[in-house]
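Both complexes shown next keep chain A, but they swap its partner, so chain B is in the first and chain C is in the second.
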Partner chain A sequence: MPNLDVLHQPYWSTMGPILILSVTAFVVMVLEFSVSGRGKRWLHGVALFGTAAALADAILHLYAKPQAVLATLQNDILANLFTVILLCTTFLVLLFAWDYTQRVPLAPEHTYLILFAVVGALTMVSAVDMVALYVGLEVLSVSSYVLAGLRTRKLSSVEGGIKYLVMGGVSSALLLYGLSFVYGLSGTTNLGELFANQTFTAGAAIFQQYPAITALAFVLILAGLGIKLSLVPFHMWTPDTYAGAPSPVSAMLSTLAKTAAFGMLLRIVLYVFAVSGDNLFYLISLLAAVTMVVGNLIALPQQDMKRLLAYSSVAQAGYVLVPFTMLTNATVVDWGSLVDSIGFYLLAYTFMTVGAFAIVHVVQDARGSRTADALTGLYQQSPWLAGSLTVFLLGLAGMPLTAGFIGKFYIFADTLHLHHAWLGVLLFLTSVVSFYYYFGLIRKLYQPSISVQPARVQPTAAMSALVGLCVLGTIVLGIVPASWLHVLAALT
Partner chain B sequence: MANSGFPIPIGSVLALAAILFCIGLFGVLTKRNLIMVLVSMELMLNAANINLVAFSRIQSKPNLSGQVFSLFTITIAAAEIAVGLALLLAFFRLRQSSEVKDLDSHRW
Partner chain C sequence: MGITFWMVLMPILAGLLVLLIPRTGEVAHRLLALLGALAALVLACVAWARFDYHATGFQQVSSLHWFTLPSLWHGASGSGLGGLEIGLAFGVDGLSLGLVLLTGVIGLLAVLAARPAERTREYFFWQSCVVAGLYGVFSALNVFTFAVALELTLFAMFFLLYLFGQGRRQFAAMQFLLYRGLATVPLLAAFVGLAYGAVGGYAATAGAITDHSLTLDVPTLLHVLPSASAQMLPASIRHVLFLCLLLAVFVEEAFVPFHTWLPTAHEAADPATSMLLGGLLTKTGAYALLRFGVGMMPGEVRHFGTLLAVFGVINILYGAFAAWAQADWRRLIAFSSISHMGLVLLGIAAFNAAGLQGAMFLLVSSGLLTALLFFLVGAIAERTSTSRIAELGGLSRRMPVLSGLLLVAALGSLGLPLTSGFVSEVQAFIGSFGSFPAVSFVALLGVILSAVYLLQAMQRTTFGPLLPAYGRLYDASPGESILAGLLVAMVLFIGIYPKVIGDLFGLTVNALLGMGG
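This part shows the complex of A and B:
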């Protein structure tokens, strides 16, 4: 009798969004080379429809009982939470890409490359097996390398792509080398099994017996994911890649790729190191501190808005890293509140960052420059766009009544509660530094333009929808944070 | 850990992997030609593969997940290097060079 277990796995309820998005990606790919000319305009529509369907499926199964498919993909709290954030991000990025193609010629392959990248990202957050985690990471990364260098006739885009590829390759080699040691010590690639071994049997003893190898694995994994998250000693590629890549891709790299990498880091830290590697977590707090300080300081002199946003995304990654340092001395009850802070901040950050990249792109397209001076007089011309950019920048700086403030406040409260007050204070101080460069941009927005009337800025329908959604997200999460916190609290 | 019939001591295999990994990392950081940088990157990935295969052999409960993992890694590395060479070709067309020092159009 053959074993038919493989047919009776909960495929649909566990990996619904992944299945829907993969099918959409293949459909879009086939459509892309079978239709020609004006028909290609509809590719984004199909992709958006598939993403919306996947999002609906993810929301319907948000509170479903956690199940695993073939002990590899799982729909637990962490997976569901990050899936919803990732799919919201995808929707925004696709809208952005739609607007972008109406202004700048871009190879239509980007639609399905974005979808494949998202499939990889979803795998990263829902896999509980090292092999699947690694494959997910690489699906995301390889698609991103192509996307970053997609404007093959533009030197800066290709250069950014090469830099990202080399750094990304090093990062995956470091990560893989680290994972190989975890496998060597535990004898399994399955994180669930590894976690159970550590908590219930003497499996933890192996990690404690070889502290040097455990530390090496931890450092390698942290460095590998640190490159993807552009934490400070590993951030050198970030500004060049973001500045060279097409704007929707920059937005995607700074939100989608980072959210997925944070999900993967959370999974590995919780399952592998939280039990038996707790003496190593000071390294994460060190990284977070250095990232917050250096990220904000090098953003200060930036004039190019895309590079400024790149450095600001470095600093923001430092803020999100703060709750990770406390996972070890927290009880299981506190894990919930830490995951809440991470989830809240990542969604808030997504709305603000994609919105800011979108408006920077519209201004660059109309005025032919993306230095801060190009913003001059935007308020007189299109108060709606200027107002939206103000909301995003205030949110990124962390002003009250925006999502950014609430997100930072929760992280700050966690640090006080779990005795890492120095990190909380550092977060507060570096946010004050960040006011300087965010407010510099806002001041330019409201300055009247002295010289000749600059070119008019015309948003398309897709752009209006995108900016509207982002403003709505930033303000609603800032004024009624309970709307998203209730979901988080019910999950964790 | 039992050394179940493994002819070469595990320590030597791990040392080989570690040396390969360090050579690869050194190469990525110092080589002047982009193709050599890509080759060094491959070296790092292969060092990890050696580790995985060696570890899969010495487990007290022998299992194949390490070897399967390394098969996945080899495939993925091939995809990565293909994209790398494509980007390199695009760069060469624009700049007539494959030197790392010519990746300099971004100024700050």
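This part shows the complex of A and C:
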């Protein structure tokens, strides 16, 4: 008689999504090399099904009582919030990959690689132990390196993959080095314990006793995650990798990988530095300011749409970084609001970015070019696609009635309240700079094509579903933001 | 949900319905847009008919809870329950009702005047969006609603300029977008800052922090802010917020040195879009200054009064001289409207009954006259294919009606008695002479200049020898005559019987001065 207690353990509420996705990933992997030919078409279906099941599990246990498994994984507010966002992202990325494989040959291994990457990402947002955090990051990164270079026949894909690999290696090294100092100071790798020590016992004193080491650890961790988040000045790899990688992978790197890295940063900032290292947070505001300004400025002259979206994702990461600046000890009562604003913006950003990458890909596939000029006349030919891209770009630019405006306004309201008005004003100022390139693309959409009739753009069923979901998400979050804000408010 | 809510919604609904009709149903597109604008105007008139001249505060309020930004404000006790309630709220007082009615009239006439050569579906969709946005701006009772409505006009107008403009339309549309987009940044900063200030978020002493919930509701802010103590909202913060607002107003109103976008946009826009742009969109900034500046920060308006007055005069004179130098009717009208808006600023700076009332009158008068001028110049340009003054001449022989109407519009614009321009300018000057006599004396030069440049342009356009190319031109069609005639009638009616809007504005003026006193 096997022991069935395992079914009644807290594992399901804590690790449910991770377990489901791991099993799905292995099932897909086995299926991938056991079925052949047309059978492989169903791999995406299986993966999507697994993701949907994991999402359902995450939503069912959204408000479950926080419990820790082995003092390593925990289903607290942060974990649940980011798990939901990550699984939504995964669903969209898999739909995108499905559409992609129907146009461009791509090694079918990408299906389970994406799933493994998500398992890593989920671990990053729910681990409360530095070792587990690092393992999660590596699982995500190693899968992403392979995914970025998956089109082995294309030089740009390989180049982008190698760049990402090298920068990712540096990122991991810096992060690990920083975490090692934290361990040295605190004597524990467990973040929960570390936080409790700082709050209730003399644990904070040691951080204050060695300010230089605390600062070093902070800078190293920030730089390590900064590379993953492609914050300026750690963004150099971004355009090359995004431009070279298969489009679903670019979309994944700019949404899924960034959301996970933001989740991890949030965890480390809150548990390690918010109590005793908050005098260093001006570095985050500096980084956010530089990222918003430089990211938007270098996007201005871009003609290649994928590179443009890459730079735009740099700038957008700067916006999300703004609330992190204010997560200090003095503002504990406002942490809820700050985490909410991060959560809102990340979900909004996911819908808009994945949607934009998807349409850019369809256009590139049909017209053989991904310069901005390839969009010319799209409106006359496929009004729905052009209209959807308009919605995404308006959202990214932060126009009202889309999710982007509410997200930015929320962050902005926080900055004014918590005396960081200059960051909030800079956020909106740089958004106006971004009007130039977002509206520049919109302009092209509605320009009548002058010369020959360009090739017709044909979206597949998966693409239609993906674009539909993204448009729905962008507009619903913009017009009925309460739908997501209520969840956030109930969580935090 | 009251009538003001439906008033804002009607044009949007019409616009969405337009999108559902196939591309070829051009008549249906126009008809739907017309119905939407008409329904909104009717609702505005209903609000007018029901308007209670003895009540204070906002009427016909329709307020809808939209959503809450959670845990943004905790109050003095830090209870952690507060959030920022965001509502969709509309309502009118005297000032908004006047401008809402103006929106109704010009919005309707703009639909009638529109002549898109193709893509009527997109044209009327975006036009309806602009009109709905303008209704929203002038009747918003929640600063978030105001900001959303303003941004709606921003990108809807971008599409109108970009898709249906002429000449340098791409440049003009982008410049319009960036300038007015930038204006929303300080505007939002001022709004959210005021909301935090009203609950003591910037209080110098902890005791002044209140437990009131944070709100963006305009009536509440209007009630709390003017009397907020220095402990609760320090003067330095107030100054910064006011200057933020002022910066936004300057860009929205195209005041020197942020004026370049307006003439370019007018040059590129089609006549109906120009009517909306010149008649209504350039009044949003002045409305914001009256509503949020004078209404919420009267002390700052007094404090910076001289600065406002000086900038007002600079704009009056710069606009007038620049208009004189223009070779194109559209740019001339654009600069002339900048000059008028300078007088609005001067009237507001005076901060007395006559000055404020004059400023409000000028908004309506300049709205009607600018729209009329752009319509007529558009009608002439449709026939002659040019609006350059040097290339026109002797038009009164072939087009007596159009020329006559243009003359009336020009005379109204330069402030001839019996027109709305006269009553507005006289009141504004009476007010400003009371507060800034020397500055106002210089500003009078602007009135003389406006006579010079308008009459000179009139004379070159309508009199003199008829150019041979224009021998076969036809005069105004009945539709055009009726449309322009309506606007002329309103200009004259307000000029002869100013009480019709004076009573409306008087209410708000009294309320504003009562608070500032």
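The definition used in the following text is that the second predicted complex is superposed on the first by the 481 of 492 C-alpha atoms of A that agree within 3 Å, B and C clash if a C-alpha of one lies under 4 Å from a C-alpha of the other, contacts with A are read in each partner's own complex, and residues count from 1 in each chain.
One rule holds for everything that comes next: a contact is a pair of C-beta atoms (placed from the backbone, for glycine too) under 8 Å apart; a residue touches a chain by one contact, two chains touch by 3 or more.
Given the structure is predicted, the values throughout are model-derived calculations rather than measurements.
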Now for A:412: first (chain B), second (chain C), both, or neither, which partner does it touch? second
Is A:187 touching the first partner chain B, the second partner chain C, both, or neither of them? first
With both complexes overlaid on chain A, does A:82 touch chain B (first), chain C (second), both or neither? neither
Looking at A:401, would you say it contacts chain B, chain C, both, or neither? Reply first, second, both or neither. second
Once bound in the complex, which stretches of chain B touch chain A? 21, 24-25, 28, 34, 37-38, 41, 44-45, 47-48, 51-52, 54-56, 58-61, 63, 65-66, 68-69, 72-73, 76, 79-80, 83-84, 86-88, 90-91, 94-95, 103, 105-106, 108
Footprint of chain C on chain A - complex, ascending: 333-334, 336-337, 340, 394, 399-401, 405-406, 409-410, 412-414, 416-417, 421, 424-425, 428-429, 432, 435-436, 439-440, 443, 446, 480-482, 485, 488-489, 492
Given the complex, residues on chain C that touch chain A span 66-74, 78, 80, 83-84, 122, 144, 147-148, 151-152, 154-155, 158-159, 162-163, 170, 173-174, 177-178, 181-182, 184-186, 188-189, 192-193, 196, 201
Touching residues on chain A, where the partner in the complex is chain B: 130-131, 134-135, 138, 141-142, 145-146, 149, 152-153, 155-156, 158-163, 165-166, 168-170, 172-174, 176-177, 179-181, 183-184, 187-190, 239-240, 243-244, 302, 304, 307
